[in-house]
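To start, the structure under review is shown below, and the notes come after it.
By written order: A, B, C, D, E and F. Residues from 1 in each chain.
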Amino acid sequence: MTTADTTTLRWKRLLLTGAAGGLGRVLRPRLKACCDVLRVSDIADLGEAAPGEELQPVPLQDKAGVLSLLAGVDAVVHLGGVSTEHAFEDILPANIVGTYHVYEGARIHGVKRIVFASSNHVTGFHKQSQTISPRDPVRPDGYYGLSKAFGENLAQFYWDRHGIETVSLRIGSSFPEPVDRRMLATWLSYDDLERLVIAALSAPVVEHSVIFGMSDNPLSWWDNTPARHIGYRPQDSSAPFRAAIEARQQQIDPKNPVAIYQGGGFVTKGPY
Amino acid sequence: MTTADTTTLRWKRLLLTGAAGGLGRVLRPRLKACCDVLRVSDIADLGEAAPGEELQPVPLQDKAGVLSLLAGVDAVVHLGGVSTEHAFEDILPANIVGTYHVYEGARIHGVKRIVFASSNHVTGFHKQSQTISPRDPVRPDGYYGLSKAFGENLAQFYWDRHGIETVSLRIGSSFPEPVDRRMLATWLSYDDLERLVIAALSAPVVEHSVIFGMSDNPLSWWDNTPARHIGYRPQDSSAPFRAAIEARQQQIDPKNPVAIYQGGGFVTKGPY
Amino acid sequence: MTTADTTTLRWKRLLLTGAAGGLGRVLRPRLKACCDVLRVSDIADLGEAAPGEELQPVPLQDKAGVLSLLAGVDAVVHLGGVSTEHAFEDILPANIVGTYHVYEGARIHGVKRIVFASSNHVTGFHKQSQTISPRDPVRPDGYYGLSKAFGENLAQFYWDRHGIETVSLRIGSSFPEPVDRRMLATWLSYDDLERLVIAALSAPVVEHSVIFGMSDNPLSWWDNTPARHIGYRPQDSSAPFRAAIEARQQQIDPKNPVAIYQGGGFVTKGPY
Amino acid sequence: MTTADTTTLRWKRLLLTGAAGGLGRVLRPRLKACCDVLRVSDIADLGEAAPGEELQPVPLQDKAGVLSLLAGVDAVVHLGGVSTEHAFEDILPANIVGTYHVYEGARIHGVKRIVFASSNHVTGFHKQSQTISPRDPVRPDGYYGLSKAFGENLAQFYWDRHGIETVSLRIGSSFPEPVDRRMLATWLSYDDLERLVIAALSAPVVEHSVIFGMSDNPLSWWDNTPARHIGYRPQDSSAPFRAAIEARQQQIDPKNPVAIYQGGGFVTKGPY
Amino acid sequence: MTTADTTTLRWKRLLLTGAAGGLGRVLRPRLKACCDVLRVSDIADLGEAAPGEELQPVPLQDKAGVLSLLAGVDAVVHLGGVSTEHAFEDILPANIVGTYHVYEGARIHGVKRIVFASSNHVTGFHKQSQTISPRDPVRPDGYYGLSKAFGENLAQFYWDRHGIETVSLRIGSSFPEPVDRRMLATWLSYDDLERLVIAALSAPVVEHSVIFGMSDNPLSWWDNTPARHIGYRPQDSSAPFRAAIEARQQQIDPKNPVAIYQGGGFVTKGPY
Amino acid sequence: MTTADTTTLRWKRLLLTGAAGGLGRVLRPRLKACCDVLRVSDIADLGEAAPGEELQPVPLQDKAGVLSLLAGVDAVVHLGGVSTEHAFEDILPANIVGTYHVYEGARIHGVKRIVFASSNHVTGFHKQSQTISPRDPVRPDGYYGLSKAFGENLAQFYWDRHGIETVSLRIGSSFPEPVDRRMLATWLSYDDLERLVIAALSAPVVEHSVIFGMSDNPLSWWDNTPARHIGYRPQDSSAPFRAAIEARQQQIDPKNPVAIYQGGGFVTKGPY
């Protein structure tokens, strides 16, 4: 269930927020494999605690609850919050207020490393005809992307002001396999997701670093060269899935914003 | 009361938020001079309506109230909100939620130009030993700076998604005259503030542009070259005030973060 | 004859100009393999039409003829024109006037994607001691390179003005194998040429993109990072040929412009 | 008629092409003031030769004629050719072929400095909401702009290959005074035009340099910082004309390409 | 003798090395005007001590002597050393070893600000046809330039390692007036030299900053935009001297390295 | 003992300085394999001369001795000098004066290619949280790094002034295997060291090029993209050693400069 080269790394206690979500369920056993205790949190059902797990469900907008989540952990993988585009009012509590709570918890409890699940939607209004790097300016494609851009800025501030390190992962599309043409560029396999999170947790010095989360896809809009110091090396690729996807999905009209912009379908959602 | 070269510009109706604040009171008569109707809003007392003024007090977190503020205006000068560093919970309602309300109002009512009072605190964790431009990455120095960075990203999004133009003014220190050593670099005279706002309102095409708001100070940390298309030309300078300030204020210890970072005193405020 | 992973892509009708030239003969069967009808054109003898081929010989300077070439095609691979350095008067008709005719044909007949055989000679006066990317300025090394730079600018204009997409391929040295020391850097194998052309035809959104056409050669002057969105991944390398070439070809005097500049022998041709 | 500080510069013989055109008539007496002999050429009527003038009318597409034009001159101010947007076939002979003739003449006759009247239309598809510099990529807005981009590349080639220096002047709008809103940004007064041409002729070393030709206009889309070595210092400004222009000309709809792009009206001309 | 706006600045004790050299004699009374005690040093005759002066002659290669020079001073203006091109063996003792001694003295005695007389010869192999900024790479034009590049790196190291701040002044040509064509670009008037040194001494935070030392010359190869935080504003210009210089000095053959490179005559000195 | 693909390259006579040092002993037989005569020099015992070797021991500060070292060689691999941090007085003779002697020898004897063992300590005060390239500014972390930065500038000067080419290798940590956590990023295997040196000797045109010397380590602080023209392709990786190192070495406190900066332990050495 875990990739071979990471099992030697061990933390005493890690916190995983959003553990009941799509990627949370993927990472939960994989993170457990490299720590003594894994504290998991979510507002959805977390099921039974596996050996070495602590279940601590709390809504992210609950400040006291979130602060207590951070007590005694070595590092955090913060996946929690709304993970797709919604009305601003639905994004605000968990993604903006909640992420602030997580960083306050880290500050108060002396947690020094956070892996923050940001998103490619932070730069979704860049074009698919461009290759961008983490040094290019943000162009969020919706309230979700705006909330993730806020989280990245928050991470930068807590580094500059309080010395808490973060790797912001601008995750592409993490699914068992790519399922549409856009994912040929944005796909992040589950094994590569694990590699990315482990690299972000274990890179020796990161201050606040930003890295795009993608597998080794032939066609890509993202250049991770400025993040080589994270040490992430993807091993999977969307290439084997290309023929089948192109056979079953028509090409999108290139005048459609969904085809023009990296954010794909997000760029036309709303207004609400 | 207004600078000579701007009085020929005329809008039918402008909206000024934060009209009872420090800069709001400065700009209120100057904006009135170049529009038929000036709608002013604030939560503090706005006094009597002058001829051609509409008083429409509303808290920025009141969505319906803010939406109605935008009805029928040609352009907005959005100064409203908390204007110094405070706890996150105090910044959130007006600066984050409220600014979202302003942009929603613009979208719903078809307002096409917003001048957004951002702040140099969006980049306050850059060093005083560096000269930065609007192309450099943001490094907010507190919750206030974070809220302004959110506002800039929101502005970018409403341009990319809805075609609403914004000039984000990263205002330095706008006071009758510079009063401490830091303001020798950051001072923006009231006349230059007016020039800057008028330039931002009247530049023909701006999409989302960012410009630092400073007078023609000899020592500066900011290079506005990438914003020449706004057409702002400062006429004032901190130079005549330098000798008096240096005579009465000791130099700050250069190992003090307040001296190291551009944000000055903001960078050590809190935690709350 | 074709690389395995591209045969699933299918166009109804493609146009290949310069089909009787060196690279045209290489690409003709490979392109045929991924379209229903391949229209081929040249001024040299095109031989017999293979099944699914349309032969339509026309000189590129013949405007009416070229316009009709573009009727009914989905996309174009434009290799036609003079392909080495000559006097300006010999380059002008096919390369400058003719390429204009191709783009006018695309505009009139609604063709939306052109793969343009540009050349490394567009940047031939950069030095072999430098690694350049498609973002660096052009420095043509002769009239041939000037004509290709004109073609790239034309492609940019037809994108900006008329929405016709182009990938400009700055082809290095495409031969069965590298035959001199310079080609150790510039070689593009025929299989990689095919991969490059197919990538350029099938990348979802390209606007006007520029990419250097080379195999995965260890020593290279070109960095294609800004063109990752094309999805080109070379599979071949000049490395296996190095020892034999260096055994039989003396090193060129490093003070010779042919050794100094990337354009090699082109940089000393003429004047005519 | 000439600006005071340039009269001490003296050349033996200068060539002015396009001497009967709008800017040619402006520069003719001013250049005469700083050389012993001014050779003037055009296809339109050049009138009587003033003292120290040589009239040598020749169409630019006449190779032999143009070559002879270059004989015995110290430097060239090349204004000749079509100066607004037209069909490609009308632009080609004078602007592309003709400019090639001028450079061939310079090569054959050993002329070492050319001042080339390029145009802001070489970058006309950049946006009015951006400030660009000569280091940004070209984006021609029509066949005229394409021909000027060709001329700039030709100039680069004749420098790299033959050691002939050029300053390419991307002239904005040179008229007695600005006459519309766009010219508030692009205006180049006649006196500043003279300053620019003289600077380009007399700067000690220029290789191939590019500089935007504008007066000291408050609002501008162009940053000439990378061309400080030319030594051009504009003295005039569009500011005094602003109020009158804005009073008589309505603002252009900001969704109109004419308002969006720097090229203004050029970007929608044609197709022909 | 001093410029009006600097006399209010006061230090207790400043050290001026190279006080008997060309620029040392210029700065000696001007620095005295803004400090209680001016310690001056040189190996040449320093004359009589003026009121408030301390004479402390010492060769820079004398480590103990130099260390004692630094005792009790607030800041240093380090002009000492060989100031033109010589054999390496003649440059080494004062410029490389001696500058190391100065920084060791500063470290040992807790001096926190050094103004280092670097030189434009640190970048002398950049071309006169280019405009460079302090961010461009160094290209020394001789052993003198190499020694100054060493000094700049030393300054960077003593900042990074020991927290000693330096402003490295890449001084152009500081003379009573420009005396040849090159100085039209490189001239630094004595008054502007004083402004520059005072700005470097009094800028609030500089870490290690680099700035070119030139007056406001119309033609320049240097862009000081990245050093705006120093607050240097030149007031003089080479313009009034241009006509006379060009009348009496022939233009240098543009194929001569002396004309091609910014370093002028330095680039052809030696070998020794 | 040598990697397979380099044995076909042959020089008549190569010079290897520092041949008795750690890397000298590694390279001595490998270089011998690709030249007729290998001249080796050091101040330590060089042992017996192998067939085809010339032993010529000389201290680098001995000018006459070093000059004679360069007589009759085709190219130089200059490893000589102090290779770790020491007091400035110990670094100066061999590293600064000695390297000058090597370049003077090359100039006098017409040697045209030098491979210079620079060091990652030239940029050691960049952070481990950053990925830098050879285009980023130097930040030496000690006198050793300062001496190597001097050597790189010297190399640039001898190219610009005398046409002697150099590849400066910023060697990471070249050992049989990585032995601590820092070397997971900086390790350069002996086989990759050989590949790097051979690439630097045999790349056709290099002027003065800088390249970081590291194996294909997953986590790295260095991006060699701008040096692709050297043709170096590492084949080894620190990855297989990671688990064992992390098991036996505790992570360094991230607030320790040794963990913060790329230079590791060097950044806290001294003062002496």
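The definition used in the following text is that contacts are C-beta pairs under 8 Å (C-beta built on N, C-alpha and C of every residue); 3 or more make two chains touch, one makes a residue touch a chain.
Note that the structure is predicted; figures quoted are calculated from it, not measured.
Engineer: Where among E-F, B-D or C-D does the B-E interface show up again, with more than half of the contact pairs the same?
Structural biologist: The pair repeating the interface of B-E is B-D.
Engineer: What whole-number Å value describes the gap between the mean CA coordinates of subunit C and subunit E?
Structural biologist: Roughly 52 Å separates the two chain centres.
Engineer: How many angstrom lie between the CA centroids of subunit A and subunit B, rounded to a whole number?
Structural biologist: Between these chains, centre-to-centre, one finds 33 Å.
Engineer: Starting from the mean Cα coordinates of subunit A and subunit F, work out the distance between those two points in Å.
Structural biologist: 40
Engineer: Would you pick out the residues of subunit A that each touch at least 2 other chains?
Structural biologist: Correct list: 225.
Engineer: Per the touch rule above, enumerate the chain pairs that touch, sorted by label.
Structural biologist: Touching chain pairs, listed by label, come out as A-B, A-C, A-F, B-D, B-E, C-D, C-F, D-E, E-F.
Engineer: Which residues, counting only subunit A, touch subunit B once they are in their complex?
Structural biologist: 88, 92, 96-97, 100, 104, 107, 125, 135, 137-142, 145-146, 149-150, 153-154, 156-157, 160-162, 267, 271
Engineer: For the complex, which residues does subunit E have touching subunit D?
Structural biologist: Against subunit D, the touching part of subunit E is residues 127-131, 181, 185, 218-223, 225, 239, 242-243, 246-247, 251-252, 254-255, 259-260.
Engineer: Looking at the complex, which residues from subunit D come into contact with subunit E?
Structural biologist: 5, 8-9, 112, 163, 165, 199, 203-207, 209, 225-233
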